[in-house]
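So, here come the structures, one by one.
Two complexes are shown next, each including subunit A; its partner changes from subunit B in the first to subunit C in the second.
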Partner chain A sequence: MKLYLALILLLPLAGGLINALIGRMLPRKVGETIACGVIWGAFSCALLAYTNFTAPVTAEYGSWLSTFDFKAPIALYLDQFSLILTLMITFVCGLIHLYSVGYMGEEASHARYFALLNLFVFAMLVLVLAANLPLLYLGWEGVGFCSYALIGFWYTEEKNATAGRKAFIVTRIGDTAFGIAIIWMFLLFGTQSIAELNFLAPLAPPGVITVLGILLLIGAAGKSAQLPLSVWLPDAMAGPTPVSAQIHAATMVTAGVYLLARMFPLIGSSPTTLAAIAVTGGATAFYAATCACAQRDLKRILAYSTISQIGYMILGVGAGALTAAGFHLLTHAFFKALLFLGAGCVITALHHQQDIFRMGGLRGKLPAVYWPFLAGVLCLAGFPLSGGFFSKDAILGAVFERGGSLYTSLFLLGLLTALLTAFYTFRMLFIVFHGEADNANHQENGERTLPLVMTITLVPLAILGLGGGVLNLPAYLGEGLLARFFGSIPGFGAMHSSHMEELILQGIAAAVSLLGLGLAWQRYMGVQRSGVLAREQAGSKLFIFLQNGWYLDELYRLLFIRPFVRLARFLWKGVDETAIDGALEGLARLMGRLALLPSAWSTGKVATSLFGLAGGVAAILAYCAWALS
Partner chain B sequence: MIVPLEHILVLAGLLFFLGMAGLLTWRANMIMMLVCIEVMLNAVMLVAVGGSARWGNADGQLFAIFIMALTSSEVSLALAMVVYLHRRKRTVDTDLFSELKG
Partner chain C sequence: MSIPILSILVFLPLAGCLLLLPAWNCRRLARPIALVVALTELTLALWLYASWKGLAVNPFPQGFLLLEDAPWIPAFGIRYTLALDGISLLMIMLTAIVFCVGLAVSWDSIKERTSLFLSMMLVMEAGIMGVFLALDLALFYLFWEMMLIPMFFLIGIWGHGRRLYSTLKFFLFTMSGSLLMLLAIIALHLLYAQQTGVSSFQLQELLKVQLPLETQLWLYAAFFLAFAIKFPLFPLHTWLPDAHTDAPTAGSVILAGLLLKTGSYALIRFGYPLFPQAAQMMTPLFYSLALIGIFYASLVAFAQQDMKRLIAYSSIGHMGYVAIGIAAWQPVALSGAIIQMANHGVTTAALFCMVGMLDERAHTREIAAFGGLWGKLPLWSFFFLLFAVTAMGVPGLNNFVGEFLILAGTIKSSPLVAVLAFCGIVFPLIYMVRLVQEVVFQKERQPLSLNDLNPREIGILAILALLDIWMGIHPAPLLEMLHVPVQLLTGGTP
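Moving on to the complex of A and B:
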């Protein structure tokens, strides 16, 4: 087991290093094969670990940080949760690596791309498997770095580089809170091991636990793009589409959910923290869903839907339904990777056209993309019996079960969000794939044929997304596999509700999803379609408001960026240039003036020197005469 | 000793300052400046010889001879340079040479 765990981590690291160091000298095919091979190797090791798994294990490989009491060994902890996530990460990332071979086929700096992609998988696996918080933090920052470098992958365009910086800086705010929490926990408990921290948690006073929980929530909000730190994710779409699929949809952005679930025994004892987590998740889910309804960039729709779906997961954690949150994390990883890869196919086929109003009628032209994409849409919309339906309903059910006015209103908000989700998802589908083609766009360019490897990778994801519900069927259809598998982890205890209630809730969820479908159908498939599209392109006030994400960016610009710029300008112009530079330059000018006085003596004539000599001799003589007398 | 040392010192001092005054004022002719330098050196030699006579020590006379040898070589070099300078500007007025100005 120890060997498998080490290999899971070392293979992507080795692949990343090889591609980073000598990737440019290797033939393209070799670099690509290594990059994909190591991920699938890691997946095989994860499978082996799964078959040999009996009970949670901790494997220690060596000491990393060790000063006085502070000990953070290189130790990995594998339990059911991290095992399932490792399987998911290696599998989804493996598919995305294969897809990248096709998508980045014409990219010159493929070595940099694959090196970063592999390093990202390594960092993500470190994050998931770490047995102590400093190691987790290492992975946490590692994925942040890779995300930054990959968002700005095409850095020659100013826009992309700025998006990368924005992602890095915004997540850094959350990371700071997380770092404070780590150090504080060490001061409180004297240990950094996650298992020990969770075990010792009841010893701490409740107020401290609440604050720790809030700090961890801020950390999670930064990484998982939750309110109020959600602004970076829509801009992160500047990166290549496989990167968006792998990092900004399937794996990295769910790290916040993972962190909260991991530390749940510690933070779960504080109702305030849980309420804060639930409210954050619910509000983000609703906010992002409204924004997604008005986007016209295909990838931005998916980005906002990602924020919204992660909001659901956080809401699930806040309701104490870790199994449901983990379940949604899994299905979401499958169907969101699928949707992004499908979007990548569409974008490639249309010569990097991302505006959905320039698309349309692609159903007949790209059937190999349409059907998997439809599967992803059904999952995202929570269409009955798809994977997304079961996982989303599990979260909503858990929120409802929790009771109380707060959680009931969050449940209603969640239902409304589900309606919006179904609406915007089908809006996207109908506008992009149905209706009339935008002739101006198509006739000019025609569609590019897609590499087979790009469309073929959609199929397993579609199957997993659609059939994901089997992983954790509701209780009335027999016990859920995940629920049983996760059952023994502390904090993951199953929620028990009567079968009747659960059926009713699922009925409501199904009705809501179908209602969203109906609304979208009526709006975008009927006779009004062309009128609606024209109106949306013109953009009403509300539409523009939603399209700009409630002007959250503008709010930040007003609240933070502009005062900061003003302060910086004052420090630059006022303090640095006027005060400091002024004083120094004034001093230098004074010295220069003083130096002009003796410089008159330097005439270059012998006479001046002679007079100087005579004067000097006279002075010395006078001094001698005065000193000797 | 017939002549007291003080007289010699006063004479030497007078010679020295006369030479120096000539050096500082007669700048229009470089050769005259060299002559003035010789006068100053002679004053120094006079002091050395006077001291040597006063204390009955030959070192001063030795120095005087040494300085004579030195000045002869110095003057020959200096005159050569005067020739060169004269070739450049057709004059020996030192105030017209200011190329050393920084």
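Moving on to the complex of A and C:
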């Protein structure tokens, strides 16, 4: 087991290093083969670890940060949760690597691309498998760096480089809160090991637990693009589409959910923290869903939908339904990767066109993309019996179970969000794939033929997304697989509700999803389609407000960025150069003046010197006379 | 050990100066001589590192591994005392590495008065080695001044821009601090003579002086001022950006890599042990200056337009963490602070080297002159990104190790300071990401035809990069080396 775990990490690391250091000298095919091979190798090792898995294990490989009572060894912890996530990460990322071979086929800097992609997988696996918080933090920051470098992959465009920078800085703000939580836990419990922290948690006073929970929540909000730190994710779409699929949809952005679930035994005892988590998740889910309804860039729709879906997962954690949150994390990884890869196919076929209003009628032209994409859409919209339906419903059911006015309103908000989700998802599908083609766009160019490797990778994801529900069927259909598998992890205990109630809830959820479908159908498939599209392109006030993400970016620019830049300039010019240096130079000039006084005596004239000598002797004599008397 | 290895470490560079004399006018001979001397120093330092576990810990002075002690000026009780413990060893290795880097990086760029330059470098190396080894305060003061004067000439002769202004500013700042320290050393010596009737400058002896609190405060203030200028702490830092901007590359490398560390080293070695109560009382002041420095310098760094100045200000911010780690005076934080001195030395030396290499090619350091270097100088950009990411404090690279340990330890002494300082780690990311974006990414703003790194430069940077990574993922041997001295300093038993 120790060997498998080491290989799971070392293979992607080695692949990344090879591509980073000598990738430019290798033939393209070799670099690509290494990059894909190491990920599938890691997946095989994860499978082997799965078959040999009996009970949670900790494997220690050596010391990293250890001095006095501070101990953070290089140690990995494999339990059911991290095992399932490792399988998911290596599998989804393996598919995305394969897809990248096709998508980046004409890219000159393939070595840099694959190196970063591999290093990302390494960092993500460190994050998931770390047995102590500093090591988890290493993975946490490592994925942040890879995400930064990959968002700005096409660095010559200032827009892309700025988007990468924004992602790095905004997530670092969250990371800082997480880091403070880490050192604070060291102060409180004297340990860094996640298992020990969760074990010792009951010893801490509740108020402290609440603050720790909030700090972790801020950290999670940064990485998982939750309010108020959600602003970086829509811009992160500047990166290549497979990067969006891998980092900004399937894996990295769920790190916040993972962290909160991992530390749940610690933070779960504080109802205030849980309420804060739930409110953050619920509000973000709703906020992002409204924004998604008004986007016209295909990838931005998916970006906002990611924020919204992660909001659901956070909401699930806040309701204490870790299994449901983990379940949604898995199905979301499948169907969101699928949607992004499908979107990448559309964008490639249309010669880098991302505006949905320039698309339309693609169903007949790209059937190999349409059908898998439809599967993804059904999951995202929570269409009855799809994977996304079961997992989202499990979260909403758990929120409802908790009761109380707060959670009931969050449940209603979640239902409203589900309605919006179904609406914007089908809006996207209908505008892009149905109706008439936008003639101006494609008649000149025609569609590019897609490499087979790009379309074929969609199939397994579509199957997993649609059939994902089997992983954890609701209780009335027998015990869920995940619920049983996760059952023994602290904090993951099953929630029980009556079968009848669950059936009713699922009925409501199904109705809501179908209602969203109906609304979208009526608006975008009927006779008014062309009128609606024209109106949306012109944009009403509300539409533009939503399209700009409620103007959060502008708000932050006004509140933080501009004052920061001004203050920096003032401190440099006003304080450093004028006040401090000015004062010191004044002092220097004063010294210079004072130095002129004695120099009046040393003019070189013999008379002056003699006068001085005589005066000095007289003074000494006077002193002696005074001292002796 | 019968070989006086510590004396060799100190005097070999001076002997190297003599060796330079016959080759004074022959640049092709002088450079290899100096480099061989520096490499020999490095070999000695590495040899000490490889064998330190085999050395017996001295009972007196406690915790030291090697001691060379002889009377020097008996009339004043001045002794020639050199001693080595884990902290000194780390600093010695850093010194030896940074000097090799400094000589290698200026291999081609110093074209005038090369031999004078090389001898200045060697004298400085001797002085800095001495500072890190001396345990007699008079001897320490001698070395302290000895490293200052060559730096004065280094900036004044081989610098750029307003080099005379900058070098005078540097000299006046450090000189005024060290004169006060000299007075304090003499006062301490006299007080000791008064109390015991014996005159001595030895640290182990002076530690026994009984000082009334008020005297302690005055003497500590003098020491503290001298070291705070070297650190540099806000608001005594304004000599640093000027000195860095106008210094030749080797000067910046040594200034940032080593001279700043002498202040923090001396505070740990002399300031705190000699005046424990005073240091304790001044802790709030120390914390505040360090915290202000972190935020202030980071903000000012963000506004800079000259790459070298930006990195100079970033140094002030990073040294603020070292200051916090010392002020906390707690084992984990102090280990972190000491290891951070080495980390920052390596990383900042590398960044200054890189700016120097770019300056040699483009003859400008204005950020606005560059852009899109990734496409033109892929190797340079690769290394620059790596060192920038290190400076941002990304874990797995060495800066993180020091800063994280400092903060994890400080929270035990002062949670508020640790939390505030942790908030400060956002800033290096902001200004470094901005620097990287405007220089390495985006489109080029001026057509510049530049050549990428040559093998000599790749060699220098690769070694520094490997050090960054090695210290980032496996700092355990270094931390182990610091264990005993740190424990003794913070009042534990080994």
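Convention: the second predicted complex is superposed on the first by the 570 of 629 C-alpha atoms of A that agree within 3 Å, B and C clash if a C-alpha of one lies under 4 Å from a C-alpha of the other, contacts with A are read in each partner's own complex, and residues count from 1 in each chain.
Please note the rule applied: contacts are C-beta pairs under 8 Å (C-beta built on N, C-alpha and C of every residue); 3 or more make two chains touch, one makes a residue touch a chain.
Predicted model only: the values in this text are computed from it and were never measured.
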item	value
Contacts of A:169 with subunit B and subunit C, given as first, second, both or neither	second
Partner chain in contact with A:134 - subunit B first, subunit C second, else both or neither	second
Touching partner for A:611 - first (subunit B), second (subunit C), both, neither	first
Contacts of A:155 with subunit B and subunit C, given as first, second, both or neither	second
Dominant contact partner of subunit A by residue count, subunit C or subunit B	C
First (subunit B), second (subunit C), both or neither touched by A:589	neither
Touched partner set for A:68, first subunit B, second subunit C, both or neither	second
Partner chain in contact with A:351 - subunit B first, subunit C second, else both or neither	neither
Partner chain in contact with A:484 - subunit B first, subunit C second, else both or neither	neither
Residue ranges of subunit A touching subunit B (in the complex, touch as defined)	599, 602-607, 610-611, 614
Subunit A-touching residues of subunit B, taken from the complex the two chains share	20, 23-24, 27, 94-95, 97-102
Parts of subunit C lying in touch with subunit A, wherever the complex brings them together	172, 235, 238, 241, 296, 299-300, 302-304, 331-332, 335-336, 372, 374-375, 378, 389, 394-396, 400-401, 404-405, 407-409, 411-412, 415, 418-419, 422-423, 425-426, 429-430, 433-434, 437, 440-443, 473-476, 479, 482-483, 486-487
Subunit C contact footprint on subunit A (complex, rising order)	24, 62-70, 134, 137-138, 141-142, 144-145, 148, 152, 155-158, 161-162, 164-165, 168-169, 172-173, 176, 179-180, 182-184, 186-187, 564-565, 567-569, 571-573, 575-576, 580-581, 584, 588
